[in-house]
Amino acid sequence: MRENRKYFYYPGCSLKGTSLAYEKSLLAVFKYLGFEAPELPDWNCCGATSYMSIDEMSAFSLAVRNLAIAEKEKRDIVAPCSACYMVLNKAKKYVEEYEGVKDVIFKGLEKIGLKEHFKGDVKVRHPLDIFINEIGIENIKAKIKRKLNGVRVFSYYGCLLVRPFTDFDNPRYPTMLDNLVSATGAETIESALKTKCCGGSLTGTLENVGLRLSYLILKEAKRKGAHLIVTVCPLCQFNLEAYQDRMEKIFHDKLGIPVIFFTQILGVAFEIDGKELGFNHSLIYPDILYQKALV
Amino acid sequence: MKDNKFEPKILGIFCNWCTYLAADLAGVSRMDYPSNIRIVRTMCSGRVDPQFVLWGFKNGADGILIGGCHPGDCHYIEGNYKTLRRYLILKRILREMGINEKRLRLEWISASEGEKLQRVVREFTEEIRNLGPISEDRAFKLQLAEHKK
Amino acid sequence: MDKIKGNGEIRVGVYICHCGTNIAGRVNIKEVVEFASKLPYVVVSREYKYMCSDPGQELIKNDIKELKLNRIVVASCSPHLHEHTFRKACEDAGLNPFNFQMANIREHVSWVTKESKEATEKAKAMVRAAVYRVVFHESLERKSQEINPNVLVIGGGIAGISASLVVADSGKKVYLVEREPSIGGHMAKFDKTFPTLDCASCILTPKMTQVKDHPNIELFTYSEIEEVDGYVGNFKVKIRKRARYVDVEKCVGCYACIEACVYKEGKFPDEFNEGLSKRKPIYIPFPQAVPLAAVIDPATCIQFLSGKCKRSCQQACERGAIDFDMRDEIVEVQVGAIIVATGFKTFDPSRIPQYGYGRYQNVYKSIEIERLVNSSGPTGGEVILRDGRKPQSVGIIHCVGSRDKNYNIWCSRVCCMYSLKLAHLIKERTHAEVYCFYIDMRTPGKGYEEFYHKLMEEGVHFIRGKVAEVTDWAITPEEEGKLVIRVEDTLIGVVRRIPVDMVVLAVGLEPQPDADEIRRLLNISCSKEGWFLERHPKLAPVSTFTDGVFIAGACQGPKDIPDTVAQAEAAAAEALSLIDRKKIELEPNTAWIDEEKCSGCHICIGLCPYSAISYNEERKIAVINEALCKGCGVCVAACPSKAAQQRLFLDDQIYAEIEGALL
Amino acid sequence: MAEKAKVAFYWCASCGGCEEAVVDLAEDILQVVDKAEIVFWPVAMDFKREDVESLKDEEILVTFINGAVRTSEQEEMVRLLRKKSKILIAFGSCAYTGGVPGLANSYSREEILSFYYKDGDTVFNPDNKRPTPHFIEGNFAFEIPEFYERVYAVDQVVDVDYYIPGCAPTRKVVKNSIDALFSSQIPPKGSVLGASSRSLCSECPLNETKPEKIYLKSFKRIDKSQPESDKCLLIQGYPCLGPVTRGGCEALCVKANYPCTGCFGPVDGVKDYGAKAISFLSSIIDSIDEKEIEKIIDEGLSNPLAIVYRYSLPKSLIFDTKIKKNGG
Amino acid sequence: MEHKITIDPITRLEGHGKIEIFLDEKGNVEKAFLVVPELRGFEIFVKGKPAEDMPIITPRICGVCPTAHHMASTKALDDLYKTQPPSPAKKLREMLYNMFMLEDHALHVYVLGGPDFIVGPKAKKSERNVLGVIQKVGLEVGKKVISMRREIRELMTLLAGKVIHPAWGVPGGVTRGIKKDEKENFVKVAEKGVEFALFTLKVFKDIVLSNKEYVDLILSDAYTHRTYYMGLVDENKKLNFYDGKIRVVDPDGKEYALFDVRNYRDHIAEHVENWTYIKFPFLKKVGWKGFVDGKDSGVYSVAPLARLNACDGISTPKAQEAYEEFYKNLGGKPVHHTLANHWARVVEMIYAAERFLELAKDPEITSDNIRKIPTETPTVGIGVVEAPRGTLIHHYETNEKGYITKANLIVATQNNSARISMSIDKAARNLIKEGKYDEGILNMIEMAFRAYDPCHACGTHSLPGNIPVLINIRNKDGKIIETIKNFE
């Protein structure tokens, strides 16, 4: 019924700002794999951030507008940012389940002439889901030009991606990212912390708490001898990477662990040029990926 | 019954082995549901002749709920599939006659599904309550037109 | 309601049952009695506290005699409960029992209706329906059927074994069917049994041997039920004897073949030891196995994989018991009753990834520990970790997969007790610190609570709280290299991290994965959880809604050994009492064809699931073989010319009932 | 001249086919004339309503009524004739079960009138005229009867003694019925005269071409398929109504290789012809998959009502109700 | 004082009709109306029904000419499914159709309209019936008539299931053909038919045309209306009942229109009155000018006379002869005398019989190539035939699955309804003067009416032999002050 669906790429604010590297690498990898996902025309904020806590309805309205635009074109949405992914899905679910929400939202949609286009048919999917279930590990393996043998990777999911709305992985102990990363030849590390909070949401308000949470994860990675951390979420990536120097001071520990996006490591395995993968934005450059030893 | 609200009459025709037992179970478990439903038992839902349904509507049922075993679970191997076929055509007949097809419902409720029985009867009763009396359906309006004058 | 023709004078008696307060508490009986008395053909309308009691029945009998009643309606509970009681009463009073109709005003009215007024109205409707219907009832003859005295028992665990022995001892033939190569079931894997701590095999093995030697028991191991046909008293059962490639008759269990196997030592996970040890492609499940005969696993045997094996086993067997060409074989048996004792399976803890089973090698399932502590187990009863270390600290997590709506909502009933047992045994063997993490301790049963106290005195730590996760994530140095159990200790209200060497997951009990197939084969029902459904939770705990099929043991719901055996012997008794009736009377609700009406249109013939209908070439009409008819009425509903009709469910009876119900 | 039995004929909403059927008695009609004196036959003779009124109650031995009741005039006449007749017979499908005009019962009077006099393709009605009962124009006063909301079978208006099935009743059936009426022992009230007590299959020449068991993977429509001759039409997939339809017509349509359309109505004991028909048709659908079943119905029977209630909609249980006296 | 005369019943169009005559103060006719008190609503309730069912349902409009409806409907299906029957099927249909025309006309000539002339308009009413006819022409003939009809109808039954109502026609063909061994019988009956038709013409000439009185009557102004005429003609503009184009000639006999039935809506419209359930078709482009004749009034006429007026001749030899003779005697085309319908009908009988014979003999007639199964998606279909009583049009529209979404029918007699009303009015005016009524008017009005052989003018006339008519003359209060009737 939904066979050969088409997709829109929904960037959200992060991928246009702090996480340009994510957008670049994602699009580069999509291009390389021949997966088409034009940017969602006239998209707006997903409704995450403070909206959700201050005025849920407005947040949902924002989210659903994006959904409606996509559904109008009979396309599904690919949302790389975990926050967008979660909020868009949440909004869809609430509209389905709560008449009250539905009525308000639909009134809104009617005003902007999108009502008749929105039946709730659109799916919101994460690139990870796309790689695993649409493109397929095997096809990806087949396209790999450069085996990353010997690289030890801590594949880190963060809190938002896998719960509560995910159906493509186990919310308590996800494994899809590990599978994908190991497809590149890299070795992944088992860790109970792969879904622990990165502290991101707190760093702004309760810095010492937030940083401690971030630190625990970096420390675990270090303890398990990971060369680098691979993540699927712009917020996690930013938090884990940006504050390492400050953590070193507070916790008297040497860190300097590269934190990159899973699309970047794929890109390396595909031998896509580093610039296209946005490594120029990295604060801690993952040299390991380019060491001759690997080749 | 509750005043000023329309209380529909609902007929339940349940198979002896699944849905009737589910109703017994609901009873044993004291799961209350609206008293609008009146239950008639047949050995198998496959015994339900479409004539029974029309007869039920004619005799004042505002809604009719046929209950059988889940597909594959029929005590008589596949009686419930025959029920399904008859039901699917019967709904079209009702539609054409001018009776809201929602007034007829077929549900698979196994002997262990007391809750499901309760849920379905509640839903169905509410749905029919909202549909209003069957005498308001086109077929009956036409039928009674001359009488009204 | 329609006029009825040629039924003579109709005299109906209506009896409304209070059922104590069960009905009277909700339904205004007086009003209903009054209402009934005004219904057409009703001669008398009475009420009584308990119609099913003797005096209640007497009431009916007397009225039949004195008031010349020829139709009886009782409004009380579900016909599934007492229809047969009241029919009997009619019969005793000389009235054909089928001139009776029951109105279900308890299960379907008083128990499910809040408002008394509504309940009363509904009760009236149900009574009216019954009265309208009964008027069209007619006298019918019951057909009776010989009962085959043999009994089939499905499942060779402790339940099946106990049931078989009881039946066999009474002199009846028993066919015992077990899917595994040996009988014994889960119990055979246990070392001790709670709370008495007597040795499981010491009490089980003798029973297993009895089964083997019993003249009245025919044992089918490594076999499964293929097909069940027929009905109470006359079941035809096809049993598939899977090829074990070793002739059980010839094999003496000398292990020669196993030693001779080209594999020098075991290479494949040993099912009986829960994979804690390895076996060869040819093996004997365990030393006390019954039958004590080897079996070849074709999935791992070179001969079957490549066809190029030396077959050293075959040469080694002096009795020539090994036969690689053995095929599955279908045996058909005839029985009068069936006892289902297919048992349970244990919950797979890898479904709860945060407990780390399968990821951390020192996380065990309870059933694995049963083998570890078992003297005949892989470690000869020593409790050691996979790396050979003795654990100094062990955590036992209760309710794994039980009492959790993410997995199984029910309490598995045995986990608390077996956890205590394991705690005791582990402590006894290793002197380790043992922690039990429980939600609630549930120890109902003779000597159970006492056992719990004993354990507390032994110094086992009991921590009340549902474990959040088992992790190797060390925060403090002392956690390094250990498994940390994170749990909120709800008694002191703090989150604790407890490092241990070994984690035992007290997994719950689940229905067998293929319980549904058995259910369909036997036409019985399952609860929505998948446990087989008893006819009545209190009054008919081992019967099912399919006459002649009984259930025993954990296939009906989690239970411990004492309860299982009790239930098994109860089922055996039920089966025996059925068989000893020699004859059973069949409900005369069969269909027949009115020859004056049938046009021979063939519609009904293909619809009968039992091929009871055929076309008579001479008379050019359809005919029903009533011996084969099971009375579903599908043909009746389909018959385009009302030639096919069904006794007890005549169109007119149903029309009348519907009309009456829609008060 | 000896007292002949008085006989009356009346038509209601019908096509005249039933009168034709009487004329088709051809030579045989003369017998009838011998036996009976026709006292009322608006088609034929002008005894007026007043003349009927002037008769004694039950003075007429037999009245044959064909056609269904749709107007006030028809209702009044039927009541009057009932009063004056010993035996009243519903003649033909329309009188018996409502007939083809009865299909109108799934539409309202207004829908019909507005199409006829307003929306119809060829209607030219600028000043929006409408036939109106008791219409007065200047000093012209017109009496046209009221057009009822629905169609009634005759026994929904008055008590009927016998039924003669068929649209139209075949020559044989009419003859049998008349013989039965003038025979020594009168058949029991409510009987269907002249036809068989079994359904059509019993006299259908193709019945023996049926296999033991009948299952259908699809229903065929005759618009885009041609039935094989000499092979049961039902097993070919055509919803032939033979199994549910009273025999007696000698399977004329089937002999013309056309599936039975059911004009003889149900056999005794069937309360609702259409419901029974779908019951047997759906039962033999060879599928247990809801989607597939829906598909099968969609392709072959997507408007089952049209097929199974061609002649009997007003007698469907839903519509089977007596008209209130002088309902109009 | 106002008088109202009710003549009831006349005969049946969709139920029975009655005539209302209103007199003015002086007792002269102010207006006479034909009132048709019934309606059944086929166009509406066929909605949603499968198209292929139309040939089954629509014949129930008229049980006297079911074959006409069946055929019009079947042809509409051909058009709907954009298919044409293979030649054998087409021939079978046309043969069945001509068989029907033959027996139906025969019925009218001998049993309905015939008596007026054969026995004589002034003859005692008791004699003016089929029995009277038999006396006059001899029992043999009477038997011949009855058996002729029966034999034809039995063959129709064999071929098309039932004669009332047929179950036979399907888009692109028919469901049953003629078996080799059946053919002979058809030919035999057809030959009889021709012989019978010619015999009928002879009878008609002997008795009617040889009698000046009758001829005058036919030519008399009372029965004359100068209207348009409509009929179906083949590619050579010759008479055809089964197929062809619709041709309309004006009161001067000039071709006014020649069109494919698919365009009927450009040419035909229906007028509505409050006092009758029947509608009055008229020529759309001329327009409705009320119940008046002449070139400016859209009123037109159909049925035998109209058909002969509308065609340029007949393709079969004997019928052509009769056709020429017909116009020679009636002063050339077009003939406006309503009563000439009887003669025209006999001419048509000959054509029907000859055509029947041609087709029965046709080698193709026993072919089993009787169906071309449609493949196209149905949309709109319009079909036409010439029913005994005039042009009959069926028009269906369906969804892509072939379920009716719209239907429109122009029923044969309906086309004549305006002219019939006019005839009645004219007859009434001529015959009722100063409140004086002579019994003759009843007969005259009858004849005027019967000439059209209105659909449903049922065979049942044969028993009493005349249309019974009663006139009640009421005063304002509706009290009957005088009654006249034409039976004892």
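A, B, C, D and E label the chains in the order they appear, each numbered from 1.
The working rule: a contact is a pair of C-beta atoms (placed from the backbone, for glycine too) under 8 Å apart; a residue touches a chain by one contact, two chains touch by 3 or more.
Remember, it's a predicted structure, so these values are computed and weren't measured experimentally.
K.L.:
In contact with chain B and with chain C at once: which chains are those? Just list them.
P.N.:
D
K.L.:
Where the centre of all protein Cα atoms falls, which chain's Cα centre is nearest to that point?
P.N.:
Minimum centroid-to-centroid distance belongs to B.
K.L.:
Which chain's C-alpha centroid is most distant from that of chain D?
P.N.:
In terms of C-alpha centroids, the chain at the greatest distance from chain D is A.
K.L.:
Farthest from chain E by Cα centre, which chain is it? Let me know.
P.N.:
Chain centre farthest from chain E's centre: A.
K.L.:
Find the two chains joined by the most C-beta pairs in contact, please.
P.N.:
D-E
K.L.:
How many angstrom lie between the CA centroids of chain D and chain E, rounded to a whole number?
P.N.:
Centres of chain D and chain E (C-alpha means) sit 25 Å apart.
K.L.:
Report the inter-centroid distance (CA atoms only) between chain A and chain E in whole Å.
P.N.:
Averaging C-alpha atoms per chain gives centres 83 Å apart.
K.L.:
Return the distance between the CA-based centres of chain A and chain D, expressed in whole Å.
P.N.:
Here the centre of chain D sits 72 Å away from the centre of chain A.
K.L.:
Using the average of all C-alpha atoms in each chain as its centre, how far is it in Å between chain A and chain C?
P.N.:
48
K.L.:
Taking each residue of chain D in turn, which ones touch at least two of the other chains?
P.N.:
Touching at least two other chains: 106, 270-271, 276, 279, 283, 302-303, 306.
K.L.:
Going by the contact rule already set, what residues in chain A reach two or more other chains?
P.N.:
Counting only residues that touch two or more other chains, chain A contributes none.
K.L.:
At least two partner chains per residue is the criterion; list those residues in chain E.
P.N.:
48
K.L.:
What chain pairs are in touch here?
P.N.:
Contacting pairs: A-C, B-C, B-D, C-D, D-E.
K.L.:
Show me the residue ranges of chain C that touch chain D in the complex, using the header's touch definition.
P.N.:
Interface residues on the chain C side: 596-603, 605-607, 614-615, 620, 634, 637-642, 651, 655.
K.L.:
Name, in rising order, each residue of chain D that touches chain C in their complex.
P.N.:
Touch list, chain D to chain C: 197-202, 207, 210-215, 242-244, 247, 267-271, 276-277, 279-280, 283-284.
K.L.:
Can you list the chain C residues touching chain B in their complex?
P.N.:
For chain C paired with chain B, touching residues are 78-80, 104, 106-109, 111-115, 117-119, 121-122, 125-126, 129, 519-520, 523, 525-528, 533, 537, 545-546, 589, 607, 609, 630-634, 636-638, 646, 649, 651, 654-655, 657-659, 661-663.
K.L.:
Would you pull the chain D residues touching chain B in the complex into a rising list?
P.N.:
For this pair, the touching residues of chain D are 105-106, 108-109, 148-150, 270-272, 274-276, 278-279, 281-283, 285, 287-288, 290, 293-294, 297, 301-306, 308-309, 313, 316-321, 323-324, 327-328.
K.L.:
Under the touch definition given earlier, write down the residues of chain C that touch chain A in their complex.
P.N.:
So the residues of chain C in touch with chain A come to 352-354, 356, 359, 469, 471-475.
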